[in-house]
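Below: a set of structures, written as structure tokens.
In the two assemblies presented below, chain A is common to both, partnered first by chain B and then by chain C.
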Partner chain A sequence: MVSGFLGSGKTTFIRHLAGYLVVQKEQRVVIIENEAGEVGIDDRFLAREGFQVREIYGGCICCQLTGELTLAVNQIAERFNPDWLIIEATGIARPSTILNTLRKYGKGIDNIFTLVIADTGRWEELSEIMPELIFAQIAEADLVIAGKIDEASESALQSLMAKAKEINPRAEVLPASLIKGIEEPVLRRLLQHAYA
Partner chain B sequence: MHMHETAVSRRVELRPPRPLSAGELEGIVSRLLLRLAEGLSIKGVVPGHIKAFVTEGEPYAAFSCTKPGKVVTRASNDWSGSVFLKPSLSLNVVVFGPAKDEVENLVDGCLADLPQ
Partner chain C sequence: MVTARELYEERLNRIKTAVALGKPDRVPVVPMGDSFYLKYLRVKLADSCTNPKLFNEAILKAVTSLGEVDGIQHPSFSVYLLSVLWISELKIPGRDLPEDDLWQVDEKELMTVEDYDTIINQGYKKFLDDYYMHRLDNLNAKFQQFVESLPDAIKATQDMGIVPFSPGITTIPYEVFCGGRSMSEFLKDLFRIPDKVQAAMDVAIEDIVESARQFCRAIKPIATWVGGWRSASEFLSPRLWQRFVFPYYKKLVQAVVDEGVIAVLHFDSNWTRDLEYLRELPKGKCVFSPDGTTDIFKAKEILGDHLCIMGDVPAALLSLGTPDEVHNYCRRLIENIGPSGFILAQGCDIPPNAKPENVKAMIESVKG
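Coming up: the complex of A and B.
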């Protein structure tokens, strides 16, 4: 599951990760795209990029649309039996409630790995404006990616990494830019975590 | 302070008086997102995400804005050489802070200035 605040770079990340898994690793990948808005945008983008995408929009799968999530996961398991199911949560979601739904009702799931992308470029501002949501997302991650480091100061990156360690000591934090792809060390660490 | 999110979505077909190049269309959509970002920013950032998807036939482009003054565009390979007569524009604005009618008024006001 890929979580993180609105506009943190989740879709960009998924595009690169799914591309790598399909092309380099020859894995079957299906993506569930959840958007809070009534119009799907990321699902259309990823579908046009050639990926298998199931969209759930008009609400959040962590609260209003848990039934739709269960239905989608189970239909995908039955029809496609993918090696990877990548779920992009909305930027307002709290991962723990989605994890609960998946663990209770999801079929065919061997392992769930939760990745949170934190927006380093807006870290200082968002930590002041809405710390509760930002910190809750990080607290529930197996791995945190400090994204958009190309837009951030060194002090913002250090502040994010320190806070993430404080909130969630078990999660590794990896800095990345993401705009030009996922750097090889990040990808390697990500797959190590996911297969652990 | 506990802030609530507001989501406003619109889908419109643009009808420019003459065909637009990809660069011209990109400029129109980017300016739309920048205007929305100016109106919705707090402490110099958008406390949410403003994004758009534009297409007509095969070519497509996705636009994303999280800070005033900066729009990130990802487009298909055939985008830059294309000409657009009636492109469809999907817009999603999800932000924390302002009331729904405030965001709707801003979005609809900005969209009204586009050729439709």
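Coming up: the complex of A and C.
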């Protein structure tokens, strides 16, 4: 599950990760995204229907989402039984809100690996405005990617790394700029974590 | 044989007793399930979502076949209400989406940073009239059509002995601006130009309060929603919540209560951190209605002697659970949050993919 605030780079990341898994690793991948067609699912990806879970459901933010997401997961498990299901979480939820429902009602799940993409470029702003949500997203992740380092100051990155260490000491933090893709060592590291 | 009128009085009394923090003969049940009712009846979402009269008929037909309710939260609905709340465009089934897809608020940056100046310099009403006309395709006309349909919808509901509890929705400037600017941009505004945002809010709240008063006088509802979605505690630091959110709720709730109308705090997402502050709202005249995310047991502990609580059967439980699970959850609420000062309902809205047998189990659970 890929979590992270609105615009942090979740879709960009998923596009690279899914491409890598399918082409390099020959894995069967299904993606649940926020915005239909955004990831750009093509023939290499398995579920061309494009499963979608919206960031804003009706008028609400996420209270209604977890049911829809879980139903989609169960349908995917039954119809495709993929090696990987990549879920783009809504940017304004805590991962635990989604995970609790998935763990209770989800079917065919071997393991859930949660990563968060923190928006290093907006770190100062978001940690001032909505600290609780932003910190919870980091605290509840198995791996933290400090994204958009090309747009961020060194001090923002340092502050993010220090905070992550404080609230989630077990998670590794990988600084990255996703705009030109994800470097192979980062992807390999990520898979190591996910399989661990 | 009990007449519809007598049934109505009995149910209204039950609800009013709960709101006044008393102990009714049993806990009342007052659900809401706008899109669910249409799905349940297999009525096309596209046909009803912009036609309040059809919507009212569908709600009444669905709800009476699901069980015996004391009241319903919305006697009618129109998607344009959502457009008004967040001054956003919509994706409407049949127009922008397949006929049976759920409508969506299409949140993007429709309101500009310069609009704050327009509001401050020219007034909120002038800004809004212009915005509705030119950026939301004459939204006011569509919204008025909904308002004008309400008296008939209210009467049709009463005629069936059902209480049309909270037919209107209002909210604070934070929600409106956050929707119009888009959440992502709005948070940047709070960081970069907080004084300007606040000045615009201070102008807007006066007009919002006045509109809410006018609505209460024209429609004479029993209650009205004072909603909170994007302004939930979990999305904002305590300092900013105290500055940009709570003072505006206090004002708006007081105005509604002054009009003799119950304020239903329809509060989605997590408000647990700030429950204590809700004690500053008028005692026994408001209903705190969380969506399953706020800790409702904590809410009872902190607010139980001050505000009636309504809720909060979670959407996921209604979609994924079994009737037994729903029944057990509801009984836990009835016995622990009730039996005084409590109204049973879903959290937020019954989701469109809820299982009808789960909704029936929820409604039935008040009987024991």
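In this text, the second predicted complex is superposed on the first by the 167 of 196 C-alpha atoms of A that agree within 3 Å, B and C clash if a C-alpha of one lies under 4 Å from a C-alpha of the other, contacts with A are read in each partner's own complex, and residues count from 1 in each chain.
We take it that a residue touches a chain if its C-beta (ideal position, glycine included) is under 8 Å from a C-beta of that chain, and two chains touch if they have at least 3 such contacts.
Values in this document were obtained by computation on a predicted structure and should not be read as measured data.
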- [ ] Answer with first, second, both or neither: which of chain B and chain C does A:L6 touch in the superposed model?
- [x] both
TODO: Please indicate which partner A:I179 is in contact with in the superposed arrangement: first for chain B, second for chain C, both, or neither.
DONE: first
- [ ] Check the residue A:I92 against both partner chains and state whether it touches chain B (first), chain C (second), both, or neither.
- [x] both
Open item on the list: Looking at A:G108, would you say it contacts chain B, chain C, both, or neither? Reply first, second, both or neither.
Closed with: neither
- [ ] Name the contact category of A:M130: first (chain B only), second (chain C only), both, or neither.
- [x] both
TODO: Have a look at where A:G121 lands relative to chain B and chain C in the superposition and call it first, second, both or neither.
DONE: first
TODO: Kindly classify A:G67 by the partners it touches after superposition: chain B alone (first), chain C alone (second), both, or neither?
DONE: second
Task: Set intersection of chain A contacts, chain C complex versus chain B complex - done: 6-7, 92, 125-126, 128-130, 132
Task: Contact footprint of chain A on chain C as seen in their complex - done: 35, 82, 85-86, 102-105, 107, 183-184, 187-188, 190-191, 229-230, 233-237, 240, 268-269, 273, 291-293, 314-316, 318-321, 347-349, 351, 353
Task: Residue numbers on chain A that touch chain B, as the complex places them - done: 6-7, 12, 35-42, 44-45, 48, 90-92, 119, 121-122, 125-126, 128-130, 132, 151, 179
TODO: Over in the complex, which chain B residues touch chain A? Could you list them?
DONE: 2-3, 5, 7-11, 42-53, 55, 60, 62, 64-67, 70, 72, 74, 76, 90-97
Open item on the list: Help me check something: in the complex, which residues belonging to chain A touch chain C?
Closed with: 5-7, 54, 56-64, 66-68, 70-71, 92, 94, 97, 101, 104-105, 125-126, 128-133
